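Handing you a structure now.
All chains are identified by letter, namely A, B, C and D, in their written order; residue positions are counted from 1 within each chain.
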Amino acid sequence: MTVLDTAVDMTTALGSVPLVGPVLTASGCSAFGQELEPFVDLTALGAVVTKSVQLRPRSGRPTPRMAETPSGMLNSIGLQGPGIDGLLAGELPWLAERGVPAFVSIAGTRVEDFAELATRLRGVPGVLGLEVNISCPNVESRGEVFACDPLAASDVIAAVRAAADPAQPVYAKLSPDVTDIVSVARAVTEAGADGLSMINTLLGLVIDPDTMKPVLGGVTGGLSGPAVRPVAVRCVWQVHQALPEVPILGMGGIRSGLDALQFVLAGASAVSVGTAVFHDPSATARVHRELAAALAERGFSSLREAVGYAHR
Amino acid sequence: MTVLDTAVDMTTALGSVPLVGPVLTASGCSAFGQELEPFVDLTALGAVVTKSVQLRPRSGRPTPRMAETPSGMLNSIGLQGPGIDGLLAGELPWLAERGVPAFVSIAGTRVEDFAELATRLRGVPGVLGLEVNISCPNVESRGEVFACDPLAASDVIAAVRAAADPAQPVYAKLSPDVTDIVSVARAVTEAGADGLSMINTLLGLVIDPDTMKPVLGGVTGGLSGPAVRPVAVRCVWQVHQALPEVPILGMGGIRSGLDALQFVLAGASAVSVGTAVFHDPSATARVHRELAAALAERGFSSLREAVGYAHR
Amino acid sequence: MSTSRAKGSYLTQPAPKASQPPVQREVEVVSARPVGAYVELTLAAPEVAQRAQPGQFVAFAVGGPMTANLLRRSIAIAGTGEGTVTVVVAPHGPGSTWLAERRAGDTVDVVGPLGRPFPLPGSGTTALLVGGGYGAAALVGLAGLLRSHGSRVLAVTGAADAARLCSVEELGAVADRVEVTTDDGSAGRAGRVTVAVDELIGESGVAYACGPMPMLRAVADAATAAGVPSYVAVEESMACGIGVCMTCVLPVVGSDGQTRFSRSCTEGPVFGGDRVRFADVGSLPWDVVGADAMGVVRP
Amino acid sequence: MSTSRAKGSYLTQPAPKASQPPVQREVEVVSARPVGAYVELTLAAPEVAQRAQPGQFVAFAVGGPMTANLLRRSIAIAGTGEGTVTVVVAPHGPGSTWLAERRAGDTVDVVGPLGRPFPLPGSGTTALLVGGGYGAAALVGLAGLLRSHGSRVLAVTGAADAARLCSVEELGAVADRVEVTTDDGSAGRAGRVTVAVDELIGESGVAYACGPMPMLRAVADAATAAGVPSYVAVEESMACGIGVCMTCVLPVVGSDGQTRFSRSCTEGPVFGGDRVRFADVGSLPWDVVGADAMGVVRP
């Protein structure tokens, strides 16, 4: 893939940080990027969004961890990962050496965890910014998910913004499983989020017809893939409508350049490709190419012109 | 289709009203039943759930009214229909003459509308009960949808239960677009709902890559079909878990008997087949047949035994 | 067309229902043949063939057993033979492309015949048939039926270019006269079908049209202006094809003079050309029955 | 297997990575042949063939361009020829059924070769190869490679019944000895593969197994009990096949003696038989690295 395979200027930004292109991986859907090397030029991506990391190494949940669903899948990985020490020692240097920008997703179950992670990531080479995965249970509030409560969500974001490197933009990753996503978006923006990532998975459940029990040990899981795309585009549309100045990293079911175009027209200035990578390991590069071609065909000379165009 | 094509007892009930079988149409997905006559024996269905009716005849929204989406569709019909007078004069007598039980879906934009509809339907021959479509904007609350607010939702249900024929069970049809569906379920049950219909469509949006504007004139629409099934099963599971004694009419993406089985195992005592009818006009009869066979294979002698089985 | 026309001033009556209900069948493709830009599929579907009347359509499930595309694709019936039904498919999006890739021996799931057929005129009436693109295919059966009822048949078939012309031979074999037009002049006369329609409408007692909406509108307007009744087969986006979803509506004036959002699948696809409010398709005029309940007020 | 075994007491080392990275290609099916209950597909996939090593697998996109099933299906490589790769597919759910319906001339989208190959023993070591059902197919290439490295090859292939036996001829052509077992006695000896394994493990210096999990466990246990190193190719449900999703994990003891949830796609599918904690698959033992952060405490 060449970044500039059309005349369209595909550069964009995450907050104040410039990106060579608008297509990123999605957290948890491309691990830490290394496994994609045989399939795509990682340096041509906007960034690798890394699997959400917590303070300690985590085993994740027992299997089965997934179920295929119509045009999507349900997952319950349980944030298996190396912990912040492992990330700082292993994956981030690997990416930095190759010049692959990392947008680091952080997760926790208490506000202080998030803040500590942000502190640990200050000034780390190659770390463009932080995506804050607030779709985690808040242990201090009977396990309610941070992202489902505007107050809890903004507590996390305020703490992260205060602790994080000022040069690193902080994006809040929102859950669609709320009655009013605009109110959550507004709350986290007021708390200091430099941008919003939308959407995380929808809460779903599949029952195995053979065992007659939920497929996943955790009972429910996160629904992703093209099945959820109309919900994701709706969230991006609503939030961009209400908060047009807030940058959005759009995601949820993007499989093709025309899918990505929907998110851009709805208000996203960059997109993440998640589940589609499982179907097509070179999906990120293909989506970039197809999006560039689609923009050119529609007479745009830059991606930026197209952001939010459907609202005009 | 014969109702008893296996040894399994497929009878069930909506509240206190017995049904010959657990498979119903879904409101708005089989009009008033008449067009299905060439394809299925309507009298063998649990009931025909009629398109939501309001007090006055409605033209519905201008076209385009739909967009196909991965494993689903988005619709924005705008409740086109004959109004309650038309329904009482035309469709309900047609169904009653043929002995086809009707579960009448009612809709409105103020509490009194719902109550008046319930009053008008008292004692009408062939009307088994009422499904209350509360996924409508509440004109008295800045257009917020009744189903998204436990208070507004229970106001509607209390008014309908008070006005309705005591012999007609009242089911509240819930929206999945809420942070906590259990709290809405609890509120409407306490307000007198005899059962719950779950789920209505998810709010979605599709942008047309050619016009670069939302496909639907109403911008957003309702997402339905197999794409949403994991969300629907999750809602049924959560509500049955919290309120095991409340009967549930399950729906959302049911296409096969095994899909229906998931809902039954999660806690639904009957199911509605909606979007699948567009793909296969005889889907309701096929789902009944396949569900009966699936129950038999799993050693159930009656549908009732399987209701909520996945929780045990 | 004025919205205030008096009830009695319409040249057409709404098309009556088909005589028989549809069936749903898994059928075999017996032949697949490219015709210009299209593919002609012939299906072994005796029950559909036996019931079909010109103007009706069938609806195909697309994409195979694992498909993510649940909505059926409606395709006009281009002809019926001994237990067979023929359709002409223009590959466009994923569904029609999949259909156009079917080969002899493949099976497809089909529902039909659907919709209302073209009403026939009094015997001996000269009929003008106008087809645009693959729309011409839907008129071949009608031409034969009209001839067998003693009508003189004048046919016009037009398209963007020669490859998109359809059924020229078939119409030639049965019609008394066939005019061909292409926008780019690559076959027949250069220009729109309207050039030929304007010439022929005067000798016609009834007009029939099938093709893109702007063409239907032009033919209907020309016919109405000439005082000739016309019937058009519209193509609205359909989710179900059988009348249960209400996605396929357009504003049509009923026999009582009132405009309703009518389902093009079950109340159409054939409508009186002077009854379709073409200019209002895709909008909600205040005088559509029930528009008031939507908050639309008389201007 | 005890979870507290000392680091040095393992008979196997973790299988090393493959020598070359995978590719993604749209390839043509050159032949499709039913073999008992299975279908053998041969693909023109020179780049995959050239890179493939025994024990690796490929991952297919299934369902065609309109598919609702997005996850790839992993299938073991049963052999490679002149620019071709052969796989044996057991039709089961929608994805494998679709694959089994492919015919010569069709194209499929494939990623591979994936996963770690079987490590080879010191030259001249007698090797016992045990295949269950279609799992036997994955051992054919290994048998050839071992023979060319001077190993004596003993093969056991078993299945529920004769129709589900696989690669008996192919193994017969290359192995020094082939034992066949079926649960129902419809071919070979009646019983499980273990009857033959128990007889042959004593003469073997290494064991390899591919097949259902209970069989892998039985073979690994028999080998370990006999002091023989074993390598098993596991079959865990996979969403991506390339190591990015973390769905395919199982508890495996690493070279440092610690148990981790290891990805069967990139750290497997070949694992040391004495390193897989079969009894703990599908659960979360307290001593898995990072279990403490999940709230699991040492009992």
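We adopt the following convention: a contact is a pair of C-beta atoms (placed from the backbone, for glycine too) under 8 Å apart; a residue touches a chain by one contact, two chains touch by 3 or more.
Note that the coordinates shown come from a computational prediction; the quantities given were computed from them, not determined experimentally.
A centroid comparison over C-alpha atoms places C as the chain most distant from subunit A.
Subunit A and subunit C have Cα centroids lying 47 Å from one another.
Look at where the CA atoms of subunit B average out and do the same for subunit C: the two points lie 34 Å apart.
In subunit D, the residues that reach two or more other chains under the touch definition are 68-69.
Residue positions 70-72, 225-226 of subunit A are each in touch with at least two other chains. Interchain contacts join each chain to each other chain, per the touch definition above.
Subunit B meets subunit A in the complex at residues 67, 69-72, 74, 148, 177-180, 202-207, 209, 212-214, 219-221, 223, 225-231, 233-234, 237, 253, 258, 261-262, 265-266, 294, 298, 309-310. Residues of subunit D touching subunit C in their complex: 62-69, 94-95, 98.
Contact residues on subunit C toward subunit A in their complex (touch as defined above): 68. Only residues 28-31, 35-39, 51, 54, 56-66, 68, 70-73, 75, 77-78, 80-81, 83, 217, 225-226, 275-282 of subunit A touch subunit D when the two sit together in their complex.
Residues 21-24, 61, 68-72, 109, 111, 236-237, 239-250, 260-261, 266, 281-284, 288-294, 296 of subunit C are the ones touching subunit B in the complex.
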